[in-house]
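Same chain, two partners: subunit A is paired with subunit B first, then with subunit C.
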Partner chain A sequence: GDSWGIFTFLCAALCNLPALPALNCSEELGAGQSIQQTYDLTRYLEHQLRTLAGTYLNYLGPPFNEPDFNPPRLARAERVPSATVDLDLWRGLTDNARLAANYRAYSRLLCYLRVLDGQVGTAELRHRLAHFCASLQGLVLSIGGVMSSLGYPLPTGPAGTPAPPGVPAAPNDFLKKMDDFWLLKELQTWLWRSAKDFNRLKKKVPPAVVTLRLEARGF
Partner chain B sequence: HQALPNRFPPPLSVSPAADPAVISPQDPTLLIGSSLVATCTVSPDFPLKAEDLYWTLNGRRLPAASYAALGPSTLSVALARLNGSRQQSGDNLVCHSRDGGILAGSCLYVGLPPEKPVNITCWSKNMKDLTCKWAPGTEGETFLHTNYTLKYKRRWYGQDNTCQEYHTAGTYSCHIPKDLALFTPYEIWVEASNRLGVAVSDVVMLDILDVVTTDPPSDVHVSRVGDLEDQLSVRWSSPPALKDFLFQAKWCHLLLLQVVDDVGNQTSCRLAGLRPGTVYFVQVRCNPFSIYGSKKAGIWSDWSNPTAASTPRSGTPGGPCGQGRGEK
Partner chain C sequence: DSHTQYERVGADVTMKCGSMDWDAAVTWTANGTDIDESHLNGSYLVLKNVDLSQSGQYSCYEGSSWHLKYQTFLRVGTPPKEPVLMCRSNNYPKGFYCSWHLPTPTYIPNSFNISVIHGTKDMVCEKDAIPKNRCHIRYLQLFSTVKYKVTLTVTNALGKNFTTLTFDEFAIVKPDPPESVVARPVPNNPRRLEVSWQNPSSWPDPESFPLKFFLRYRPLILDQWQHVELSDGTSHTITDAYAGKEYIIQVAAKDNDIGTWSDWSVAVHATPWTEEPKHLTTEAQITETTSASTSSFMAPPTTKICDKGAVVGSGAMTVCWTAGLVVAAYSVLFI
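Now for the complex of A and B:
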C-alpha cells in the first residue's frame, strides 16, 4: 500500500545522500522477505506508472494518448532494454541471471527517466516523474539487496550513471515523443515481467534459508 | 495476450529498417493564425507513392482536399489559420501510409509571444531572504511553454543576479535565500520567454526593510471572561522569529465582525460588545513595526487559523438548535 511508497521513497532519498555509504535497506530482512517486498514494490510501481503514463501521454497529445496507439519502433539504437525474451530461456534463467537482468534493466530505465525529468514542460509532470524516479530507485536498491542477501555480486556499473555513450538523442521532437512513448511501454512491460520473476524466486527461496541467515546475524 | 508462444512477455512491435519518410518543416514554431504547407517525402527504400499517403493532426485525419502531390513520393498538406497548440509539447502532424502506419511526424508549436509579467510583489520573512511573486501578462495563454526568470540587482551596482528557487509560493514565484543587503534599494524584474519571443516586466524598486513580514502569531486562545455574556478574552504568542530582531511587534490587528481593533504590543486583548450565546471565530495577525527605528509598518502577516469560542448565555435555554452560527 501507500506505506510502501513512503518506505521506498525514504530509502531512495537516504541512499542518494552523497555522504552516506550505499545503504542496503533490505539487508537485515533475509532473502525471502526481501523477495516478497521487491515483488510488492513492482506492483506498487505498476500502479504508479499507470497514473504517470496517463498524464505524460496526455502531455504528448493525440495520437500518443489513444488507447490503440501502436507505432512502429523505428530502428534507432535500442537504447531501452527489452523485457521480451524467449519463454524457455526465461524459464531456465538461474536466480542470479534473473535478478541481474532486472537490476540492469531498471538501472538503465532509471537513467533515461531522469533525463526525461529535466526536459518535461509542466510542473505537475515534473513532480510526478520525480516521485516515480524515487520509487524506481528504491526498486533497484531492493533488487540489489536481494542479490546481496543471496550472495550474488551486483552487476557492474552503478545505477545513476548517465546514459551510456553511443546512444544518440532523438534527431527531432516527434521522434523524441516516440522514444518517450516506448520508454513508458518498456517500463510497463518490465514491471509486468518482474512480478513474474519475483513470484518465481519466492518459490525457490525456502523459509529455512531465511531462519539460518537471521541466526547468523545474531538475532 | 495474443503472443507468439515462445516469446515472453509478448514483443511490443516490429521494427522497420530505416526512417521511412521525412517531413518538412520539422518542428516549426508559428504565430497563431498563420498558415503552413508541410511536405512528406517517402524514403527511396520504401515502395510507397504520394497517393498511398495521408495526414493527421493530433490524431484527426486532414481532408484530402488540402493535399497536393508534389512528386511521385511527396505529398503536401496545406494548413490555414492555425489555432494555438492543443498541448504545450506541440501539435502532432503525422504522415501515414494507407494502412495507418506512421511514417514520420512533426511537432507544430503554434502560439503567441509572452506579454510583460505584472503585479510583482515581494516580501521578506527574516530580513535575510526575499520571496517574490508575479502574474503572467496574458489574459488567456500563450499556448507555448513560457519560462519565467526573476532577476535582481542593487541599484547603482552593475551586476544582474538571477533567482534560482522557483514555485516556492505558487507557480509564479521565486525565493532568494541569501546574500541580500539591507539599507539599499534593489531593482527587481521578471523576464518571460517562449519560442516566439521575450517580454520583460517593469522594474520594481524596494529596500528589503520595506517589505518585512512575519509568520502569524501562534497559540491563539480564546476564552470566556467569567460569566460575562458579551466579552471574550484572546491570548496569543508572538511569532518566534520576531524575538531575534531588534524590535518587537507593536501592533496586532484583530479583525472581528469586520471591526478592526488595534492592540499595540500586547499579546492579549479583550473583545467586548458581543452577542450572548454565540460562537465566535477569532484570527490574529501581526505586523513588524518600527524596524531599526524606521517608524514604518512592514507587511501584515497572514491571519492565524481561526480559533472558536462561545459567549455564555444566561436565562432559559431553548430556541433553535445550532443558534448563533459563527461570525468572523
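Now for the complex of A and C:
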C-alpha cells in the first residue's frame, strides 16, 4: 500500500529531473503541478514522521519520550540549517532561495537519518527508518525537479557524504541521544515550514512560467 | 486610623483597637451596628470561624468619650487555587495570546503575573486593556524548534499559586470561526442551498497561510449532521437538502496544515426554494411599489413548469428539459 505511493511520487519526481535539453515530462506536468506534488509529499512525510518519532523517542527512553521534555539547545555546531527564520525575511525570500533552503535542509537531514539507520537496535525501527528515508529521498528529488523545471541551479554541497566535516561525534551516550532528539525536532519543524513554503510557491508559480523559460532557452 | 485586614474563610480573627491596651474599655461596631460584648476579649474583638458575610467595616470607640479610635476593614476570602491558563494563536503567524481565570473566586483582590520564556530568552507578554485577564505576544521568529513556556502566577494577601504551559509554536494555532456566514435558497432548485462565508478577520494572511473549512448542516427535524470538508474557497452549494425543510448550517476553519479547528461559527438557518403560486404581472403593475400581493390567479400545473413568464435561469430550463424527457419516456411506454 504505502510503497506504491512512494513509487508513484518517486516516478513523478524523477520525471521532473532534466535528463537533457528535452524537458518533456515537466512540459506536460507544469511547475505548478510538481509544486503541488512536493507539497503533498511534505504532508505525507509529516504524517509518517509522527509515528517514526514516537517509536524512536520511546527507543531512546526517558526523558526523551516525555511530552513536556523541553531541553535547552546545547552549544554544539548546528548540523542542519535550522527552519527557524525571521518572519519578514521568510516572506521576502525569492522562489530560488526558498526552494534552495528546502533542498539543502532535506539533503542534510536525509544524510543524518541514514547514519541513524545504521546504528539503531530494533528491527522495527530499522524498517521504519528505511521506509522514511526512501520517502525523504523522494522529497529531495521532487524539490530538485521543481528547481530544474523553473531553471534554477541545484545547490551544490556534500549531500552524499555520511558525516559532513566539522561536526564532532557526541562524547557520550546521553549527548548522542540529545543529538538524535534535535535531529527529529528539526526534521519535524522543516516539514511544517515546507508546507507553508510550498503554499507560497503554489500561488506564485503558474504552469505558464515553464513554457516561457523553455522558449527563452531556445528549445 | 485604619487598615485592611485579610483573613481566610473559617479562620479565627482577632482585631485590636489600634494601640489601645488590652484592658481598655472600648465598644465595637460592625458596619455601624453595635457588637455584643460576648465577642470581646478585653479590648480585642474576636470572631471565630469567619465566613464571607462577616466582611465589612469594624470600628472601635473609646468607652466613655465615644471617640473613634480605630477602624479595620475586614475582608474574608481564600488563597488562590491553581489558575486556569490558555494560550492560542488565532492570528498566525503574527503571534499568540494567553488568557486566564481563577476556577473559584477568592473574594479578595488578586494580582497576576505572567512570564514567557522561549529557549533562553525572556519575552514580554503585553497585557490587554480589554479583556483584563489577557496578554499578547508577537512572534520574533517563525518555525521555531524550541518550545514556549508560559508561567502564570496569581497572588493575593492570603497566598499564591501558579500554573505553567509548555507548547510548540504550531500546536496552539486555532483560528477564530468564519464570519458572515450566509445561507440562501437557490431559485428553482428545491434541493439546493448556497452557503458562503468569510475568513475570520483576525487571520492576518490567508494568502500565505490559507485556511480550510468544515461545513456541517442538518434539517432542524433531524439530529444527524452532514459534513463537508473544503480545502478551497469560501462558498459551497449543498445539493442534497430535503425539499421544504428548514436547515441549520455552521462552518469551522483551520489552517491548512497546522493546529486545530476553530469553534463552530454562528448557526444560520435557511430553507430551500419551494414552488410558489405565480403572480400575474402587467406593465402597469411593475411600476407599482413592490409589496406582498396575493395572487388571484393560479396557472394550470402543466404550463407552470415551462412558463416563459417565469424567471429564466438555467434551473428553469433544466426542469423544462427534464419534464420533456419524462413525458417522452411515458409516451414511449404507452405506445
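Keep this in mind: the second predicted complex is superposed on the first by the 179 of 219 C-alpha atoms of A that agree within 3 Å, B and C clash if a C-alpha of one lies under 4 Å from a C-alpha of the other, contacts with A are read in each partner's own complex, and residues count from 1 in each chain.
We adopt the following convention: a contact is a pair of C-beta atoms (placed from the backbone, for glycine too) under 8 Å apart; a residue touches a chain by one contact, two chains touch by 3 or more.
All figures in this text were calculated on a predicted structure; none of them were measured in a lab.
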In the overlay, answer first, second, both or neither for which of subunit B and subunit C A:A83 touches.
-> both
Where does A:R43 make contact in the superposed view: on subunit B (first), on subunit C (second), on both, or on neither?
-> second
What is the contact status of A:T189 with respect to subunit B (first) and subunit C (second): first, second, both, or neither?
-> both
Regarding the shared-chain residue A:P62, is it in contact with subunit B (first), subunit C (second), both, or neither?
-> first
Look at A:R200 in the shared chain and tell me whether it touches subunit B only, subunit C only, both, or neither; answer first, second, both or neither.
-> second
Which of the two partners, first being subunit B and second being subunit C, lies in contact with A:F174: first, second, both, or neither?
-> first
Would you sort A:P72 into first (subunit B), second (subunit C), both or neither based on which partner it touches?
-> both
Dominant contact partner of subunit A by residue count, subunit C or subunit B = B
Check the residue A:G121 against both partner chains and state whether it touches subunit B (first), subunit C (second), both, or neither.
-> first
Which positions of subunit A sit in both the subunit B and the subunit C interface?
-> 70, 72-73, 82-87, 90, 182, 185-186, 189, 192-193
Residue ranges of subunit B touching subunit A (in the complex, touch as defined) | 5-20, 23, 26-27, 56, 58-60, 86-92, 94, 101-102, 104-107, 145, 167, 171
Where on subunit A does subunit C make contact in their complex?
-> 43, 46, 68, 70, 72-73, 82-87, 90-91, 182, 185-186, 188-190, 192-193, 195-196, 199-200, 203
In the complex, subunit A touches subunit B at residues 58-64, 66, 70-75, 82-88, 90, 121-123, 172-175, 177-178, 182, 185-186, 189, 192-193
Once bound in the complex, which stretches of subunit C touch subunit A?
-> 93, 119-120, 139-147, 149, 166, 170, 207-210, 256-258
